[in-house]
Amino acid sequence: MISFIIKRVLLIIPIMFVVSFLVFTILRLGPVDPAQAYLLNSRIPPTEEALKVTRAELGLDKPFFTQYAIWLKGAVTLDFGLSYMTKRDAFGDLIYYFPTTLKITFLAMIMVIIVSIPLGILGAVKKDSIADKIVKLFSFIGVSTPSFWFGFLLIYLFALKLNILPPFGFEGVSSYILPILTLGLMSSAINMRITRTSFLEHITSRSTKYLKIQGVSNNTIMGKYVLKNSMIPVVTSLGMHFGELIGGAVVVEVLFALPGVGRYVVSSIINHDYPVIQCFMILMTAVFIIVNLIIDIIYVYLNPKIKYGSII
Amino acid sequence: MKDKKLIFLFIMLGVIILSAIFAPLITPYSPYDIDLSNRFASISSSHILGTDHLGRDVFTRLIYGSRMSLISVLAIMVIILVLSLIIGSAAGFQGGKLDNVLMRISDVMLTFPTFILALFFIGVLGVGLINVIIAIAFTHLAWYSRIVRSIVLETKEKNYVLASKCMGTPKLKIVIKHIMPQVLSQVGILATLDLGHMMLHVAGLSFLGLGVQAPVAEWGVMINDAAPFIRQHPELMIYPGLCIFITVAIFNSIGERLKDRYKIKEDRSKESAV
Amino acid sequence: MSEKLISVENLSAGTKHNQILYNISFDIFAGEILCLLGQSGSGKTMTASAILNMMPENVAKTSGQILYGEKEFHNGIYGSYISTIMQNPASCFGSVFTIGQQFEDILKANNKEYTNEKMCKMLEMVSLSNPYDILNSYPHQLSGGMLQRVMIAVALSLESRVVIADEPTSDLDVLGQKEILDLILKLKNKNNAVLMITHNLSVVKHVADRIIVMENGHIVDNFYKDELYNNERHPYTQKLIDANESQYINKWNINFGAYNANM
């Protein structure tokens, strides 16, 4: 187990290296000239002269690999260059907004877990009952609803009509409720379905049948055997959904005017603010790698087939 | 085809597609006719669903909006299918080094959630519907290529393919005659399941202002346009959302039904790529 | 006459369109190994499912009843009154718990002593040599034959009245088959009975006290083992016997059958 973790942690370095190279290269392959983007952001007319000066200033006249090396050297010390828009340190800007984004992502994740797993299990245990039909309907609606629209509906209902929650901006804990509901809806729906399917599969499995005939009580079979077995695919899916949630957080932050990275990143995309985009991607990669590592550890812990190889 | 629900769903989809194609015949207005004297008109015989903040006919904009959504998901799918068929079959057939390189690249791409990756590609390409289409197509490419590769690998070992190989049928003919039909039918059904998901992506990116730009009639843009008037005129925001919801729901239901009917494996991409 | 443990009376069952069992009646007595012999599709597995009250969802009992001792079916029968040894044992144990944990849960549920010593003793009885290692391993780490023996050890320690063994030797090689059958013989005592479901007449010859032959959902023959070579056997039984006598013909039949089935 420990050697597995060490191996995975050591793998982070080459992965980050490859991703950083891909991000840097692909951005340079794009149709937009960074020098021009820089000038537009600084509201300077992009004359030939100005472009030349800017290229020299940003080091864009150097060979490609030199540029990459310079950037990488900075990136290792968390210096991703200055934002074209704000002329401030890109990393500093992002890290300032980042905690809010992480907070709503984690809170939404907790909501997904609390909602999807119990309801999915309920649907499976009471298959074809009214409860199951409601669970299925909910998950169907959840996967088909545009999350930002759902957010507006929530704002209209709870903030404007009933007036019990703040609509936009940040005014304390209650401001998190609507964004989290908005963000968690789709992932809850998808995970609910996965939980239900996985649980059902194990309820009807041969091992369940065997334990039942040998006299083991239904509660033990469901609460212990089926539960642990069926959580394996659910954990994998939750890991994947963390990424979807952090992506969705961008939308939700724009919608609810929350001070997360969302609006900053969207405007940096619109304005071709390359240092910010690069820094954002590297930051995201780091987050996903760490989350994936945690998920893999849980997965290995749950699944003895991986932990202990076959001895025959 | 005895599945009545499936037939019903296809009819619903057909209605949406036909209304998108024949939009000018259905409504007398243009989606861009601004009439500031007639803002926020309520439901009437001349404006079935009223007018918006610029006095444009809402029903007309909804009908024209379906064009954008349908065309963009169609374009995304075509790009994905063509490229993934090429990449996946190359990896599956050639094997060896090519396979290895392609699969490692797809590993890296699959680490990222699709939405973040789409944001990145838009950052590279710039804002606009065409770039959104390319970005979403690219973000799903790794997943589909893996599925194609997995089906190719499986079909390659089927007895009838081996038999035809033994009889000396040329490689290309085997691909076209035996393997492509398998790949197309299975990937096609999985793609139906994803159409709704992609439509939500397009709408979400338009909402962020990265995709279709106002004043174009598109459902995501319409929701965004209606946002400032949510307190007085929530219906302006509800209609386009419902349109997205219904269309996505139809795609999802058709996909689910087809998948169950033909017992398609959904999680092939997770199968080992080694 | 020894005690009647299970009596199946006039049992008929089927799906909406298809009748599967026709008027099945037989008893299981204490102290015997009763074999249900038949080809696949003969209804032998469905009969066993009916006794276990675990028929597939789309199959319903249309008539008849099954009595367990004097009583009708209730959930308390599992474990203490009936237990099972299933085929394909690799899929019968939960994959995320050790053999020991599952053995322990089964013993606990039946109010039996569940110490490690007790479980090791039971595993030794089915000639598993390193019982501690087995208790600590996960199902995927053991071979099919080992798991089949663990199942027999479980059945032994439950001391239930009827053990239903569904093709327990189907996944094993010839030597493994013999070992398992010998263990099943050991399982029998004067208080319990074993109901063995099989399509294999060699297996029947090895262990059975009494044999019930099924064909297309009917019981066609019911006799003690020493009557096996009587001339008055039902023609279907006779066919099975003849086929079994000549391995050569047997092989031909099987292969030909498989070929036809694939067409």
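Letters A, B and C mark the chains as written, and numbering starts fresh at 1 in each.
Criterion: a contact is a pair of C-beta atoms (placed from the backbone, for glycine too) under 8 Å apart; a residue touches a chain by one contact, two chains touch by 3 or more.
Here the structure is a predicted model, which is why all the values come from computation and not from measurement.
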**Asked** In terms of C-beta pairs in contact, which of A-C and A-B ranks higher?
**Response** A-B
**Item:** Far-end chain from chain A, centres as C-alpha averages
**Value:** C
**Prompt:** Per the centroid of Cα atoms for each chain, what is the distance between chain A and chain C, given in Å?
**Reply:** 51
**Complete:** CA centroids of chain A and chain B: separation to the nearest Å works out as 21
**Request:** Under the touch definition given earlier, write down the residues of chain A that touch chain C in their complex.
**Result:** 205-207, 209-217, 220, 224-225, 228-229, 232, 302-305, 308, 310-312
**Prompt:** Which residues of chain C touch chain A in the complex?
**Reply:** 52, 54, 78-80, 82-84, 86, 88, 91-98, 102, 105-106, 109-110, 137-138, 140-143, 154, 158, 164
**Request:** Write out the stretch or stretches of chain A touching chain B in their complex.
**Result:** 15, 18-19, 22-23, 26-27, 29-32, 140-141, 143-149, 152-153, 155-156, 160, 236, 240, 243-244, 246-248, 250-251, 254-255, 265-266, 268-270, 272, 274, 277, 281, 284-285, 288-289, 292
**Fill in**
Given the complex, residues on chain B that touch chain A span 108, 111-116, 119-120, 122-127, 196-197, 200, 203-204, 207-210, 220, 223, 227, 230-231, 234, 237-238, 240-241, 244-245, 248-249, 252-253, 270
